[in-house]
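One structure follows; several queries about it will come next.
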Amino acid sequence: MNLNYEQGKKFNIRNAYGDALLDLGGRYDKLVVLDADLGESLRTGKFARTYPDRYFQMSVSEADMQCSAAGFALEGFKPITNTFAVFIPRGIEQIRQSIAFPNLDVKIVGSHGGIVTGEDGVSHQAIEDIGMMRSIPNMIIVCPSDAVQTYRATEAMVEYEGPVYLRLMRPDVPVIYPNYFDFKINLKRGNGYKLREYGKDVAILSTGYMTHLALEASDKLNEEGIKTEVIDILTLKPLPKDIILRAADETKGIVTAEDHNIIGGLGSAVDQLLLSENCPTERRYIGIKDTFAESGKPEELLEKYSMDVRSICDRVKDIL
Amino acid sequence: MHSYSVNDLELELFATEVRMDVIDMLYKAGSGHTGGSLSCTDILVSLYHPKHGIMKHDPKNPKWEERDRFILSAGHKAPALYAILAKCGYFPREKLYTLRKINSILQGHVFTNTPGVEAQAGSLGQGLSIANGVTMALRLKKVDSMVYCLLGDGEINEGQIWEAAKNASYHKLGNVCAIIDHNGERIDGITWEIYPIRKKWEAFGWYVIGEEVKWTEDRKEMELDGHDYNFLTNAFKEAKERRNDNQPTAVIVNTIKSKGIPMMENVVGSHGRAPNKIEYEDGMRYLKEKAEKLKVKLYEFELRAG
Amino acid sequence: MHSYSVNDLELELFATEVRMDVIDMLYKAGSGHTGGSLSCTDILVSLYHPKHGIMKHDPKNPKWEERDRFILSAGHKAPALYAILAKCGYFPREKLYTLRKINSILQGHVFTNTPGVEAQAGSLGQGLSIANGVTMALRLKKVDSMVYCLLGDGEINEGQIWEAAKNASYHKLGNVCAIIDHNGERIDGITWEIYPIRKKWEAFGWYVIGEEVKWTEDRKEMELDGHDYNFLTNAFKEAKERRNDNQPTAVIVNTIKSKGIPMMENVVGSHGRAPNKIEYEDGMRYLKEKAEKLKVKLYEFELRAG
Amino acid sequence: MNLNYEQGKKFNIRNAYGDALLDLGGRYDKLVVLDADLGESLRTGKFARTYPDRYFQMSVSEADMQCSAAGFALEGFKPITNTFAVFIPRGIEQIRQSIAFPNLDVKIVGSHGGIVTGEDGVSHQAIEDIGMMRSIPNMIIVCPSDAVQTYRATEAMVEYEGPVYLRLMRPDVPVIYPNYFDFKINLKRGNGYKLREYGKDVAILSTGYMTHLALEASDKLNEEGIKTEVIDILTLKPLPKDIILRAADETKGIVTAEDHNIIGGLGSAVDQLLLSENCPTERRYIGIKDTFAESGKPEELLEKYSMDVRSICDRVKDIL
């Protein structure tokens, strides 16, 4: 389907997810959607109204929802479960045992990832979800950064056969990618996109909410004469190996930027890739530093927890 | 309206003022859960009211060992608890306007950094298990206090609630009183899926007070026990009196979501947001008028008594 | 003993042979769960028996779309299911002796790599949710098959079971039949904490067949419905007949742990281990004698039928 | 208390844990023990029989158990929850929200870590627990490798105030440490112990079950003229920084050995430490390689999944 998200303008990626669900509902008659009383936030409404037979309200029974999805998959359906990212661990043992181990075709969507969830506070700010999911074999992890990519990632996720975790976020973010952009998403191999290439001083690897901040930082640094490249990491598992290793090779160092604990997420994953491929480089981390945040506006939190544009710039400068 | 006692009037005035604070702080915060905060206000007032509340507690000494404990399990109802704690004197009232702001002692969902808050909550379904742990600990310490725990009706969809229900009765936790705020709504709809409520708690070995009045379109026109201080006070008292009977008590309380903002009452979709300007003004006007009337009535009572 | 029909004799002989295989494979594996495998054997036989079993299934076509599904939720009872699947012809009997060994199709807890196994299990409390998902899927596919799901009585301590119970009745999953193997024991003790069982399922909206007979010291002397093919067959039939009534059915089945090894029957602590040499020999001797007697009786019946 | 575990002989570390519990029950009157129907496996029996008032059977209600422990901690108690490591994720959202976030004094014990759980199969083999727990702020992770260390680690865990995860395993392992060994455990700083120091070719960092295999490998390699050192990592969070960085500095490379997914566990943690401290080195990994194993004898599984002594030797040789 042709998309129509105005580039540069802010848009909620959950709406793009909801749009994609609706579209995919028409294309896959085996697609079913399960909710745990957060359908409003997850934008499952359009699908639910259009395909009421394939929509299931499980209420707040996250563990049950994940296993019922497994049941659907056993019968050849493509179930998608929906809740906040912070409540994914509510059923993560079930995800591990009943979905990942038998490698079932279940898609798990967690919205409100990261501290940018904001005012609701720590209980709603997922900063461990990626770390937990990465520990589980067979699990693909996708973390889009704008509406266009979210739409295409949702398509790719549904097309793929096997367990996938899709992480979304609460706030609006600018539309980064052109609507016609061809992502060539391959969830078996991993996907990253070079969005800036001012030069080879430092590479910024960003994901999700942080990507548009990384772009801002990169532009700002460029004005100061510091030449960075920005690679948007769509799949945290598997990582897009080649583009990362090349960046490590060609630049003086890598800054990873994620709205997640620096333990377990993109930062950790990149480190392990670099060392296991014998390609070490200077490293800096943007992310929440193994601590719990608090309530507040996303921008205020990002500043207080050193995850804002200025912090990205500072970490880049650390390397140089 | 049924006939009022001075106690009722004092409780109702207190609750009306609490509701104004709740609406005010939510409106100023710009986000938060209006529906559930207002449905449970009268419950909390019946527990905490300085004169008529059922709970032993001391705002000057929040960690007083002999206090009754209150565990808010449905942590999104935080504004109601905050407003009441402030009114009781746990912390200065101005703090209410820092709700959900950075560096605040008032987190979006309850956290133990707030004076008077016993436990964190926000992820549904955990508070009753915590209440059980607290109660088992009190028993070991030989402190004979009550542990009240407030649950949402949507919240009891969580299986953990039934693990806790089973373990409370198995471990004979007579000091536990679970209160189910049955406003008949959760976020995406009506709580049809959890009916019958009373039979479930009974089957899990609890002594049950109250019975659910199933959600209807005209719920807001009904006089419900969850906004009746007589019912609430007697229920919480009865639970307390039964505390050495080795059986936990569940109180099912029928309420109206967003009670106090006529435009938002009983409206599915009013769950997880702050009132908008019109709703805010509507609610404040309604509550102010109500408070004025209550004050007049109280004055009349005093004159008569005087 | 009550009076027998040929059917009963055939079922009992089959079950006796299954028990021998169970004991044999456990003994040879050197580890595994004897207690629960033997308490549920008659249940599984009543479902799977090629001639008298209630389930539609086809060992030559394990994925036959119209088959009734059986989901073993208490995955540690795997040996009973494996022995029956082998006897039905899902895979060669020799495979039984690869139980728990490396590279085997018979994992310590059920997994979908075994022909005839519908879902994995091992972590308690997940199977009923899976069964619900399967049932909702079948409804969409317009396949009117039954989905039987076997739960342990200790297992229903898991809150997820009650999430699933609630969602099965809320979603009107009449094709679901949960079977609770009430042997009265879990690992560390007696399942006192889950009583009453029947009332709980009723409160969660289920149609319930059977009622728990609470565990007692002399349970092994009792004639329990869980080892009575009449009761089992009728219960599963009734569940099937009610499948379009929009209400799931729970069958509470009273059983004896380790049934078939007299030395281990009803002994707490016999849960999670293989029989030792003495128990093994005792059990095999007992079962062989029983099988012989049953064969004689069957022969007599045939003669009479002549 | 003086210990009496015969060095070199095989002993079950869960028995040492049970012994320590009994002893600590006498020293800490606020210690309470919660079980989820696995008390037999966790060896809580001695404590339960000696202090029946402070022992609580929660049956299989792992989520409830973790939160009830939080309730105990709120009232000044030191609760210890017990289950298999693989069922820790059954309550991990509760651990995150109700224990780690308010930083409560709850101890979480998971036994049967790793694939050496063996015959029970994948559903009982925890290979993600450490990765998941590491993602959670405020969580200390302790993974002892023999009976003596288990006993002392249990003491240290109980002495410490705050959330701790103690990971145990099923099989017997040789007693490595002398009974009088002074571990000087400091859970705030992290602890590792150099057990062999044949030379500076390669450092083997091992934890839990793998430590005695690492020692065997080291001895064997020594016979072949390859000089390794073996450092037993007791705390996976926080890592013992200095001893690891020194090893990276002084040797030609590091092999980590753990009975856990190589994603999220010791291997990942070491990589992130090395890069964040700008101390990269050649790296190899022993662990389960992001896949699920199967039923089988521990030794057979270790061989099949390349985690046996020979594999450790091979990885060391890779580096040289």
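For the reader, a short list of remarks on this structure follows.
A, B, C and D label the chains in the order they appear, each numbered from 1.
Basically, contacts are C-beta pairs under 8 Å (C-beta built on N, C-alpha and C of every residue); 3 or more make two chains touch, one makes a residue touch a chain.
Keep in mind the model is a prediction, meaning the values are calculated, not measured.
Common neighbours of chain A and chain D, listed by label, are B, C. Across every pairing of chains, the maximum count of C-beta contacts belongs to A-D. With centres defined as mean CA coordinates, chain B is found 37 Å away from chain A. Chain B and chain C have CA centres that are 45 Å apart.
Residue positions 111, 120, 122-123, 157-160, 163, 166-167, 170, 193-194 of chain B each touch two or more of the other chains. Touching of two or more other chains is recorded for residues 59, 61, 63-64, 86-87, 90, 93, 97, 101, 122-123 of chain D. Under the stated contact rule, the graph of chain-to-chain touches is complete, every pair of chains being in contact. On chain D, the positions that touch chain C within their shared complex are 35, 37-41, 57, 59-61, 63-64, 86-87, 90, 119-124, 294-297, 300-301, 304. Listed in rising order, the residues of chain C touching chain A in the complex are 111-112, 118-120, 122-123, 126-127, 129-138, 140-141, 159-160, 163-164, 166-167, 170-171.
The touching residues of chain B, when paired with chain A in their complex, are 29-32, 75, 100-104, 106-109, 111, 120-125, 154-155, 157-159, 186-189, 191, 193-194, 269, 272. Residue ranges on chain D touching chain A, taken from their complex, read 86-90, 92-93, 96-97, 100-101, 122-123, 127-128, 130-132, 134-138, 237, 261-265, 267-269, 271-272, 274-276, 278, 280-283, 285, 290-292.
Those residues of chain B whose C-beta lies close enough to touch chain C in the complex are 157-163, 166-167, 170, 192-194, 196, 199-200, 202-204.
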